[in-house]
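Letters A, B and C mark the chains in the order given here, with residues in each chain numbered from 1 onward.
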Amino acid sequence: MHPTASQTDIVEPVTIDASSGRVENGIHLEVGDPEIFERDDPTRELVFDLERVQILYSGVAAVTDVNLDIASREVTAFIGPSGCGKTTVLRSLNRMHDTTPGAVVEGKILYHGEDLYGPKVDAAEVRRRIGMVFQKPNPFPKSIYDNVAYGPKINGRKRGDLDDLVEQALTRAALWDEVKDKLKRSALALSGGQQQRLCIARAIAVEPDVILMDEPCSALDPIATARIEDLMIELKREFTIVIVTHNMQQASRVADRTAFFTAELNESGKRMGLLVEYDTTNKIFTQPSDPRTEGYITGRFG
Amino acid sequence: MATIAPERPRSRKLSEGPKPPGRERDRVFRWFTFLAALLVLLILALIFVSTVNQSWDWFSTRGLRAVFSSRWNQKVYPRGTANAGQPIPGSGFGAWALIFGTLYTSFVAILLAVPLSVGIALFTTDVGPRWLRNPVGYVVDLLAVVPSVVFGLWGVFVLATPIRNVYQSVADFFAGVPVLDKIFTGNPLLGTSVMTAGLILAIMITPIITSLTREVLATVPIAQKEGALALGATRWEMIRGAIFPHSRSGIVASVMIGLGRAMGETIAVALVIGAAVRVSPALFSPNNTLAAIIAQNFGEAQGIQRSALIGLGVVLFVITLLVNVMARAVLNRGERRLAAGK
Amino acid sequence: MTAPTSLLTPRRGTTGRHVRNRVATVGIWLALFIVLVPLVAVIGSVIVKGASSLSGNFLTQDINKITNGQKLADAFAKVAGKQSTQDGIKPAIVGTLLITGFATLMAVPLGILGGVYLNEYGGKNHFARVLRFLTEVMTGVPSIVMGLFIFSIVVVKTGFSLGWNVSGFAGSLALGCLMLPVVIRATEEMLKLVPNELREASYALGARKSKTIVSVVLPAAAAGIVSGALLAVARAAGETAPLVFVIGITRTTNTNIFSGGNVALSTEIFRNALSYGSYAAARNRAWGEALVLIVIALTFTLLARLVTAMFTRRRAA
């Protein structure tokens, strides 16, 4: 019943693929309908709510004053020039910074209305619910099967269920057919695109609520990229997805909303990342309200 | 696909309900690793405490003479007195001659080993044909696999007898030359001597100096080497002008670590140095070192002699510790400078 | 390397600088050959002399007592053209394997844990830096000092000591102390090579740090750690000084390393060479023992190389 985007649906870079509309509360919504994507739209179920977030590395702020909210079962894209803090913000959403010495997250990040950095919140629990796919495919040097089974195992799934679970995760990541005969082979023997889909399978095998993806296609060729984009649109039905990308066509193809970040010199001459504009993807790509956004998406940025 | 029917955990609040397992295990594991690392500190401290404890008799009855007296053998009461032939308490067991022997043999070893080691290190980084570089590294490492007791066995049963003739010719050659005739001589002139110990030690420390030097040489930026060659320098000029200045302190530190090894090497030296405690520059006659005399005499030692031998161990420990601390400090400083320079 | 020779500059090889370059190159090649000589000579002697001892039940019999009557027996045997008495070294082989084995059982797990602390937890903090430095320094502690240490704290019955008397286990403790810093260093170096992305991948699935280390980081570094540990074992198996006065002595096989005297190949070689050098039987036995010892040490070294080679090939694939 869901129209699924396929490569042939992809038209102009800056138009939104109409067929990837969504069904919400039984109503078919067209992407880009401004009425529905008002910021304070009460029908949006918020997953993340960031208020005045600032992230520092060894006492130096890398991004500052980020305010945005991310809704359930949407794809949200972060775009912007290199070094503006997209990865930094993304990693704050699953407390990945806890593992980086010297990284500090300030401000408030609410996850389903709850403080993500609250004193009683366990970072491992957070990361179990909020999965992450990295820029460079990073399968464990184990078998394909063990890669997918790793997450469920550490979260207490019993051995008996694992076979089914692995198959389902690989199927959902559109990799099953390619690897079903070599599950015991090393994951490192897969191609880059396959490895990245394996990493996605690994992430969804723990049944997260959100999947964060940091430039998941940057190391892949256009065909592998298209497959992963299809996958994202498919996965959106079950997961909330936040994706960092340098590829603006990709943002326009898959994202419901887009946040544009940039880096500017502040008063003291330090480069600092900031969120310039956050809106529906359609709006960002057709009528950006900030000249910096416009400059970036039209290729005139400095 | 609908069969999965994921039961989303989000229905539960993050701060409530059961946490994923393993928080306790995390803390315990961290403690275990910490204690294992701490073991190093503990062992080093215990080495010092326990050996000082067991050699306290020696230190306390002799004071500074324990280290600075060169008399090892105890004096005995002369004939005709009440305790004739008995050792006089408090006499003998001075470490000085052994400290001298240790430094002397190690010095000889270093003198022989450094040119070899640096030469081979250069061979494996810059000079040798590419296909030969790694195999040569392996072969030199193979020297480190031969146990020191096997070197000793070979030294005393194979090398010592024929090399005596070589020593004799060298001694004849230098006879009458001022100063040198005191060094290149032996009294008695034997195959088991300072020189033989130095030779065996040189072979034994070559692998460690070579491999440390290789690491140091590998840090010389290629740009500097190519820069020198581009200016028309010969390879040797490149080595002297670009490689050595950049890696001088690292090579010195590697040599010091080799020196520490040579001073602490026991069994091979115990077998080939003969056994004569004395301060003498004669290369071709027996001598002894701190480590070797312990191995030779500890088996039967009792009472004050055992205490003294353990005390020699303390002296050796302190000396090698100082040498190693200095060397490692130099090496680490070099590494940090390199990391900062990047 | 072959600079174009201009008419204005003298031809290559004729100036002092080129001569010096030649001399240096020849010197470096010479260094290589000088080092090869003793290596070949030592290993050659051990093989030639050792092989002739490896007759009959040499590997499976107890050690003969060297007595004053031995010289006489040697003389008779020489006349008769055969070995005097059937001699053996089984107790020393068993001793070496047991003592080294127990040392490995203690030092390798502890060393791995210590390396994990330095690389995964300590990192750049002050305390870890100090421990890392001490570990490096500890690799330079002479092995005879380790023997004296264990003698002073475990074996001897006086003073501040456990007073357990001599045993194979005391030797294992001494060897273990020698191996510990080596294994810590090797582990840390190998853990440094594990890409951080793997740790992050594990954390991102909700794994805790200890789980990540045990299930992802250590397996990824396993080959390197195993190889480093095997090299440490090879070195330890050949050590004499730490054992010679803490394990005591026996001429019959003692498989109980916790009590009673024991014997190792290395200490046997040393004793035979130092005290009984004038007895042909003792010399023969020492060479035979040296051959067996070198074979053991070499086996572990080759295993280490093999593990490394397999690992690098898999990496490359």
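By definition in this document, a residue touches a chain if its C-beta (ideal position, glycine included) is under 8 Å from a C-beta of that chain, and two chains touch if they have at least 3 such contacts.
Everything quoted here is computed from the prediction, not taken from an experiment.
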Treating touching as the only link between chains, describe the layout with one word: line, ring, star, complete or other. complete
Most C-beta contact pairs, which chains? B-C
Tell me which chain's centre, taken as the mean of its C-alpha atoms, is farthest from chain C. A
Chain occupying the middle, per Cα centroid: C
Centroid distance [mean C-alpha coordinates] between chain C and chain A, Å: 52
Using mean C-alpha positions as chain centres, tell me how far chain B is from chain C in Å, no decimals. 15
For chain A and chain B, what's the span in angstrom between their mean Cα positions? 56
Multi-partner residues of chain A (each touching 2 or more other chains): 124-125, 128-129, 154-155
Junction residues of chain C - those touching two or more other chains: 206, 208, 211
Listing for chain B: what residues touch at least two other chains? 20, 22-23
Provide the residue numbers of chain C that touch chain B in the complex, in ascending order. 1, 3, 17-18, 20-21, 23-25, 27-32, 34-36, 38-39, 41-43, 45-46, 110-111, 113-114, 116-118, 120-122, 128, 130-131, 133-138, 140-146, 148-149, 151-153, 156, 158-161, 177, 180-181, 184, 206, 208-211, 213-214, 234-235, 237-241, 244-245, 266, 269-270, 273-274, 277, 283, 286-287, 290, 293-294, 297-298, 301, 305
Quick check: in the complex, which residue numbers of chain A touch chain B? 111-112, 114, 116, 118, 120-122, 124-126, 128-129, 154-156, 168, 171-172, 207, 209, 238
Which part of chain B faces chain A closely enough to touch in the complex? 1, 3-4, 6-10, 13-15, 19-23
Give the list of chain A residues in touch with chain C in this complex. 94, 96, 99, 101, 124-125, 127-129, 131-132, 134, 136, 138-142, 150-151, 154-155, 186, 188-189, 199, 202-203, 206
Tell me, which parts of chain B touch chain C in their complex? 20, 22-23, 25-26, 28-30, 32-41, 43-44, 46-47, 49-51, 53-54, 56, 115-116, 119-120, 122-123, 127-128, 136, 138-140, 142-154, 156-158, 203, 206, 229, 232, 234-237, 239, 257, 260-261, 263-267, 270-271, 291, 294-296, 298-299, 309-310, 313, 316-317, 320-321, 323-325, 327-329, 332
